[in-house]
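Letters A, B, C and D name the chains as they come in the text, with residue numbers starting at 1 for each one.
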């Protein structure tokens, strides 16, 4: 076990041209394991069920992750208490527990600890810059106390809020990474990826990129646009991508939140390990060196990234003891026709079937067109009431009528 | 924590008409977490990485499982040493460690421990009844020593081998469950589900059914055929199903092993939680009371089974603290159009898209038509050699030519 | 032009082991051309727009058809006047005009004229054997007067009614072919294909088989079952198949009528010419020698059948002047990458995309489960009234609710 | 029958704000009927099989077409003799016959005759402006002699060649329409739709738009871009669209020629009549008033356009006698569940299944990236030789290797 502080830092590694492998998203992985509630998506499990969080950290470490992100997504006080969410732990308890778990596992291998902040309900509800910055500072106090190795501002839909976060984080003197959850169309206010990146670098970010909301190849494309913008502006930065593990060819600017399948029916969209190897290669080719994942990533997805870049990194991850490269472990399979699949070209060219003949291959995303400032987006402490849900359900049914059965109304008139 | 032995046994529960919820398959879940190697699929992780196995047991327990199956799949000595697989632990060490882990977690809740045996390379290689039974006995000695609550003979493709296993297990006096990995077409020798079930009951099984190889609705259909067979024969039994969490509408009698996507590209076929609730309901309606899962099941799939049958069981699982029934947790979501999805009818009627417009919805399964007795199915201790792989790769390419580009040969002649 | 009667008859050809190529279905082809109304599907165009009917006959003749079926589908008096259908021509006028057109074009080549009768509303409405037979006799009088070469009883859902038709036709002394519109599950009363065939042969049919309702490969399979039945009974017959040109993997026993796409959205299911060549080969291999088509067939589909069997027949159809075998005409294409498609293996292995990413690959067929004897199936002269439609629309909406949005009702309650 | 010349001209109608309905493409429709050869796609049928061409004209007239386009597509002398195509008729004979047939049928109703020219192999082979213009003049001489009502320059991939054609046509004093076969990305040299339209208007075109190569909604979008360009330039024009009847969501700038399914496996992409009504409505909303079709259109597709715009036009087409609006003819169907489909909302919301579970929903288009000036695009009189095909087949196989089985080569090495 290396003593704290003895490891080479994230910028040291990136400056040397090395690949830094991130981890995967914790909220989705722990939701499937039974420790996170979809809807609030808050990370109280760090305090409530530390053994589950520790185990997931370990699996990502084994899979090749160089970074243990503190499980502090949506752990700001305003989010923890949003829309009727009830907690038995304070924000400080959660943030501290998350730091301790990340450090404990990071010390079991060659990984750094990154403290993370993300977008706040306060911004969406049009609170002032000061108020929003205070939210970030409160989380930051814990990160500094626990001496994380670097900081990440991630999952921001509006570059303005991300700039505020970067400014707060930068003041600590620690390296700062910043990722927006945007695609090629830019942020929710229509700011292009190139301009977003320039603004983040000017605000103080050392590493810029995107996370969540879009599939790997879309994220690589978006970061490539960011890189072009930064270089055109004569600035310098490192680049980072932590995409979804879901195919999202049908998304508009809001990403997978708009897909009808979000968040409980995304299974058919999960990438295979071979698709992840393709992602890792393309990200590398695009000049991105901090390569990780977000929602949908399981440890084997990170291992696929690490295996694809094993030559460049000069190392295979520990978990590759349990994985033959390109399916070679199948040489040990009982059935001869499965042994015949122990080949790279087999897996590379396969177009996997869905087994779902009654389902389409793409969806029409919801497009409600509301953003910051719109009344429907105002957040609240109280639980959403039935009265508040009614117009949403009505709007949904109305949209469906327009998109699908335009004259169901006529039919209903005829019937009643 | 209840003292060992104080819990009501599996037959006691089934005789009382209660639902017993099984767990999910460990090899696939732990392969994704980095602890099991696809190909040999052997369970050395019980001894090698007990914290990972313990954590998975705990997640299934939280999700509602009443049974902790010892992680002893393919843990017979002949399988552990098959085709060049190298182990640092003996079979006995693995089996003992698996029993200890299952008991430890079972004692944290209302769960029983079941010791499991499964089909052997020895049978496929045409060894004698005595030799095969010796293999089972060796595993059984550990189960008895560790005093498991009941026994399961699972994952048998040939009813004959399953009968041998049941006979060995039955001799212990403990309750015995037996599941074949077959579909409506019957076992690999063409014995129908009804006849298979009758033979298993006559061999001494208290509970009969199927596990693995087919999707939930196909398994429910197959067990219904078993039940009809047993009842027609004037016998009595309890019924059990532990299916895949993958859609397999395109499988022939060998099940998902034949699908081109097996085992590394099955992602698009994974069932949603809502599809699992449908499965639980249909299994219940068909008179099946032991309802669990196999490969592909994650803890949230078992939770879906437990939630669907919450009324019948009179209890919600612990992990439902982190899950709103039918998406109700989404009432707390930031975005109003996601709050509009907090409704049962939304999730029940959704046909999830694959996000894969270049992929088909069904595959043509491999159909090599080899079974026990065929030279290609003989198992061996030594690693498969390149010389042995060559004809398999050739055969694959030959089949592909027939199935797909019938005159690639002609083209090749023209080109060269 | 050969003098009438000088041509070799249908049985003479089949007895000699020759292939007889049928034509395609007229109602669907002429509906697309603007001369037949979907719903009543009646053939008044023979009298009303003879040039359109003549042209379609010619196209099938050019494509290789050896049989010109009189365009007399649903031309029985009871059907012509069913459900408010209004006609300016009598049944006799239509039947006579159809005979004249078929004869005129048949004489332009090596084709025979076949007079056809099909199932009647009278049978569905439970009229007596005598009444139903009278309907057939009335059409038959015209066929005899016009001296057709042979007779076809086609498109029967119930073998009983088909037997009655064969008995009436057989009395004329002309060769009789009989085809049911059934699949492997048998007729609407559950009589198996094998038994149906035996009963038709015993009733006097020289040629038996199936037409319409199912796709080509399903029809080949069904006729193979018929052949097996006839041979097992020690009888002799010739075999015939005239399938849909639509893929119907998702149909139940009622065939494509039950598909939600019937009859106005079947386009994505249309077979390519290459799929038709596959059909022709498989039908030939199954021992079927009368090979034609039904709804959805266009002249190029029949040409594909004739081209596939060109060696066996010793002749290419006239229309092959305008078609390079296996795409060889593309050697003349302007674009080099299209010239690269001038190869058999290209077209044989292509899996054509639908261009419809929002659509599924299969449908759930309607399954109302009503058949002869059920009140809803009683036919009537008068137009369907709005009062009669209302319960049908309601039932549809109800089914949809069950199949799709189970709690739309609840939602509606909430909203209103 | 109206005397020649007594009808209101095309500009008179468009200036008055009326809708002018075009016809559908003849080469694809007649290829399926057996009179046109795919590859050369030349229109000798006008002279060779006038009855077939006349019948198709009639069907479009019945369906609502206001324009009979002379069947002179690719009837320039250089195209008629391209790549080994052999003809028994001269270009003049074909062009004259086509004019006579169009006039004959136009006079049976309220339709105008339009003489059409299209792109030439001469332009692709880099011949001079003078040489290319001479080709157009030769066809034009026949149109003037036969006194067509107006002229159409259609199916141009390069705006430059289209300008030359418009200049030649404009000199006659007759109204001139000009359509490119381009999508939103512009012509093959990258000129945007807006700029293309401006250049065509400046060259003398009265009506501008697109035809062929893309699906209806893509064409509407492209013409909307043209309209915006013309209006921004302060010019005036009428707008026109004659799209494919095939869905092409996966096309790049070259359109459906690049799709692997072109031209013999496009069936699953054919639009339904309801999709055509949607197209007509959207085209109308976009300010397009000349609305017709191209390849893939059958008479019922044009009827759907005419039915959708029946209110605006104040008239239903003749062929609507045989078509109930929105499926109302199904009220006369025998089966009650089909009668339940006699409703607009049923057909509007249906997402038709393909019946092809082994096929994907989208294809990867060929992208050879060759255009005018590239050696592979040089046209020739002589038939393509086997030596010339070999590199094309090789290139195809090479591409396929890259796109699909990246290491088939390795495998082949291993095997051999």
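Just so we're on the same page, a residue touches a chain if its C-beta (ideal position, glycine included) is under 8 Å from a C-beta of that chain, and two chains touch if they have at least 3 such contacts.
Note that the structure is a prediction, hence the values are computed from the model and not measured.
> Walk from subunit B over to subunit D along touching chains and report the minimum step count.
Counted as steps through touching chains, the separation is 1.
> Please state whether C-D or A-D has more C-beta contact pairs across its interface.
Between A-D and C-D, contacts are more numerous in C-D.
> Using mean CA coordinates as chain centres, what's the gap between subunit A and subunit D in Å?
Chain centroid spacing, subunit A to subunit D, equals 46 Å.
> Quick check: how many Å separate the C-alpha centres of subunit C and subunit D?
32
> So which stretches of subunit D touch two or more other chains?
250, 343, 351, 357-363, 393, 411
> Show which residues of subunit B lie in contact with subunit C when the two form their complex.
Those in contact with subunit C are residues 343-345, 348-349, 351, 357, 360-362, 404-408, 410-411.
> Using the touch rule from the top, collect the residues of subunit D that touch subunit C in their complex.
31-40, 51-52, 55, 58-59, 62-63, 82-85, 121, 124, 215, 246-250, 257-274, 298-300, 303, 318-319, 321-324, 327, 329-343, 346-347, 350-363, 366, 368, 370, 376-377, 379, 383-384, 389, 392-393, 395-396
> In their shared complex, at which residues does subunit D touch subunit B?
It is residues 250, 357-364, 390, 393-394, 397, 411, 414-415 of subunit D that touch subunit B.
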